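Everything on this sheet refers to the single structure shown next.
For clarity, chains are labelled A, B, C, D, E and F in written order, and residue numbers in each chain start from 1.
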Amino acid sequence: MKKFSHLDTTGAATMVDVGAKPPQLRRAVATGELRCAPATIRLLKKQALPKGDVLACARLAGIMAAKKTADLIPLCHPLALDKVSVDFTIKADRILITAEARLTGKTGVEMEALTAVSVAALTLYDMMKAVDKQMVIGEVRVSLKEKK
Amino acid sequence: MKKFSHLDTTGAATMVDVGAKPPQLRRAVATGELRCAPATIRLLKKQALPKGDVLACARLAGIMAAKKTADLIPLCHPLALDKVSVDFTIKADRILITAEARLTGKTGVEMEALTAVSVAALTLYDMMKAVDKQMVIGEVRVSLKEKK
Amino acid sequence: MKKFSHLDTTGAATMVDVGAKPPQLRRAVATGELRCAPATIRLLKKQALPKGDVLACARLAGIMAAKKTADLIPLCHPLALDKVSVDFTIKADRILITAEARLTGKTGVEMEALTAVSVAALTLYDMMKAVDKQMVIGEVRVSLKEKK
Amino acid sequence: MKKFSHLDTTGAATMVDVGAKPPQLRRAVATGELRCAPATIRLLKKQALPKGDVLACARLAGIMAAKKTADLIPLCHPLALDKVSVDFTIKADRILITAEARLTGKTGVEMEALTAVSVAALTLYDMMKAVDKQMVIGEVRVSLKEKK
Amino acid sequence: MKKFSHLDTTGAATMVDVGAKPPQLRRAVATGELRCAPATIRLLKKQALPKGDVLACARLAGIMAAKKTADLIPLCHPLALDKVSVDFTIKADRILITAEARLTGKTGVEMEALTAVSVAALTLYDMMKAVDKQMVIGEVRVSLKEKK
Amino acid sequence: MKKFSHLDTTGAATMVDVGAKPPQLRRAVATGELRCAPATIRLLKKQALPKGDVLACARLAGIMAAKKTADLIPLCHPLALDKVSVDFTIKADRILITAEARLTGKTGVEMEALTAVSVAALTLYDMMKAVDKQMVIGEVRVSLKEKK
């Protein structure tokens, strides 16, 4: 039967032991979105994009959060990430967020990519909440996970 | 015209000055969900609930993350929160997450509640990803914001 | 019947709501000790005390840890401490540690004082472990807690 | 003569250079205890154990603290831990705490295990202090340290 | 005779007790500069300014660092800052950095402003070091400190 | 043409991918200074040096900050440093600061050395500002960077 990897035989929470795993090149991509009013998107394009600071802010917050994943998610391993990047696509009624994490190491990095997307979305929310009270963060998921 | 509160007149990112605001009792509630396979929910009920550690883990991670909001979201103010709580409702194909933050202070606490929901969801994802690769975090939004 | 303050009515972990408490001057003192071989104490006096760095290191680590209490103890409130101090008394076979924390705020600071003692003890342990493998940290307790 | 490893030839604090050490599988176990009134233990079994949140909370706090060891202890190296686990044994008048840390790396992990025990003990203290003001954290020591 | 405020009567490091101080509106401005080759400045204007990300990155890093001052400077008090801002002026052979911190509280905020300038300068250095190995951070000082 | 390594082809901020780089022994030394009044230096020698705590404090703050570099500088990689050290030379009107960082890894450590110097300087500033309001941090630069 399938088992939750972070519970030991007594059901208590534990970190998975990755000591016997070989280091491999690992990569994960996660995506998500912040849904908002079309008027908010128009304002973003007009006020914020010329200078770039709203997206730059959210991008950096996502990258920095990926580096804090093991500090936020109790049973995640601390990882020496090779690279993190965050990108945005602006649609008429939402901002799509994509984050990629790379590691040469023993464990997958989808939590790092998901954390980058989530915190980038929260930062967009924070910077745009003065003009839109109805935004929703959604569709946060892993779109690619690979190792070689 | 509406304006982004975190951009100054040149469009550069800045923290809003809350120095002139009076301290008030503030409260915010945020909600969200982790959608997963019904089989995952059945496993959660069977393996993890007797001990409570999956939900207990996500609850604590959410509470601790709320206290780190100003460390994660670049332009958020550091706040001395009065209280944070996180709760879960288990449905057939998803886990609903609710977080509440309270403050006696100068600025709203919806970002703290949203951060608690997001990190609780990420922690559930982390603890259940060994048995379900298709989970999605969604519908993260503010459901109540008040001050008095 | 007495109740655990950090469990809600369903038994789930929660932060105590301090919103209705008045800010008061609060003070707590905690003590503890690191027991070690007399030879270790003699070496400490000989090698390290002239420069002061072993004790200075442990003192600072304790002070800095007190400021991180809410980051370490899941249900502690973030506090704007007025003062933290850490002191040592060197005995023949142990180092006594005393820490004091002060706050103008809504909640007691004994956890901050206890955290300062514990991390000061761990730091002494770390700096002396090359010469003594049998050290024990003990008797960590609150010796005073008051408010006015 | 034995020397303190964290003091350089002038007596100043320094991190030990581990650059020339080979990575090895390292493991350390530390133990400690929280002494309390028998009535507190009875209450713990009655109120908190059904839900598990007091112990689950302390377990997670210990695991998360182990990952922060280099942030707490000034001269510890940042380490990519393979695994951390924390367990409890409930006695009539105390809770015994055991923590294990594992690493594939260049330096021992006893400080990580000791930190996990100490912060788990502090968290138990925090969650039980409303019903017992006389608790004592003690006997925190390394019980096993090995590499291969 | 003048005294170092962070040393107690025995010369040991300690936090100043601010418990008896009244909360006041406090403001501090610090300045500094990153000196670099004129060719680096030309490249900055050409490659980076259209998108804004080099300066946006340094601005955010400075703001976020100000919020971490008490975590970086051992004897600083944790503060609930009202506002932090960071600005840049680009000269032919240097980038001037100005940071302002505001607080309603018991202690001055010049360390927060200085920390913001320093970390903004370090971030500029990091992002420009691929094209210029001779940069120097200098003239970091407090230019204004006031309370009312 | 030379390029900023932390901007991608669209000009957005990104971490450099170090996945393909071989781990090497890397070392960097950075230097800087805190300029102050000669009277301040005399006071430092008289009041603070016997106990060592001003310099010990700044040394530890610098070492600890080096370990936080990836948390402070948005696009820096998290690194498992082999060693960090910080030293001081006291001149008539300034304190010279030197920091060294060592790593077996994929990326240079000059940012870690620069961060150690900067935070050591800020800590000296903090501890001496009660007696000297005119201090200046300057000449922070990399003096050596090598790998083998």
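Here is the rule we use: a residue touches a chain if its C-beta (ideal position, glycine included) is under 8 Å from a C-beta of that chain, and two chains touch if they have at least 3 such contacts.
Quick caveat, the model's predicted, so the values are computed rather than measured.
The chains that touch subunit C as well as subunit F are D, E.
Using mean Cα coordinates as chain centres, the one most removed from subunit A is C. In this assembly, the chain whose C-alpha centre lies farthest from subunit E is D.
Note on subunit C versus subunit D: their Cα superposition corresponds to a rotation of 180 degrees, in steps of 5. Just to note, of B-D and A-D, the chains joined by more C-beta pairs in contact are A-D. Each chain gets one centre point, the mean of its Cα atoms, and the points for subunit A and subunit E are 29 Å apart. Between the Cα centres of subunit D and subunit E there is a gap of 35 Å. Rounded to whole angstrom, the centroid-to-centroid distance between subunit C and subunit E, based on C-alpha atoms, equals 30 Å. Inter-chain centre distance (subunit E to subunit F, centres taken as mean C-alpha positions): 15 Å. Among the residues of subunit F, those in touch with two or more other chains are 12-13, 51, 53, 56-57, 59-61, 64, 68, 71, 74-75, 78-80. If touching chains are joined by edges, the resulting network of the protein chains shown has some other shape, matching none of path, cycle, star or complete graph. For subunit A in complex with subunit E, the touching residues are 51-53, 56-57, 59-61, 64. Across the complex, subunit F meets subunit A through its residues 8, 12-19, 70-71, 74-75, 77-80, 105-106. For subunit C in complex with subunit D, the residues that touch the partner chain are 2-7, 10-13, 32, 43-44, 47-48, 50-51, 53-54, 56-57, 60-61, 64-65, 68, 71-76, 110-111, 114-115, 118-119, 121-123, 125-131, 133-142. Note for the complex: subunit F touches subunit D at residues 25, 56, 59-60, 63-64, 67-68, 78-85, 87, 102-104.
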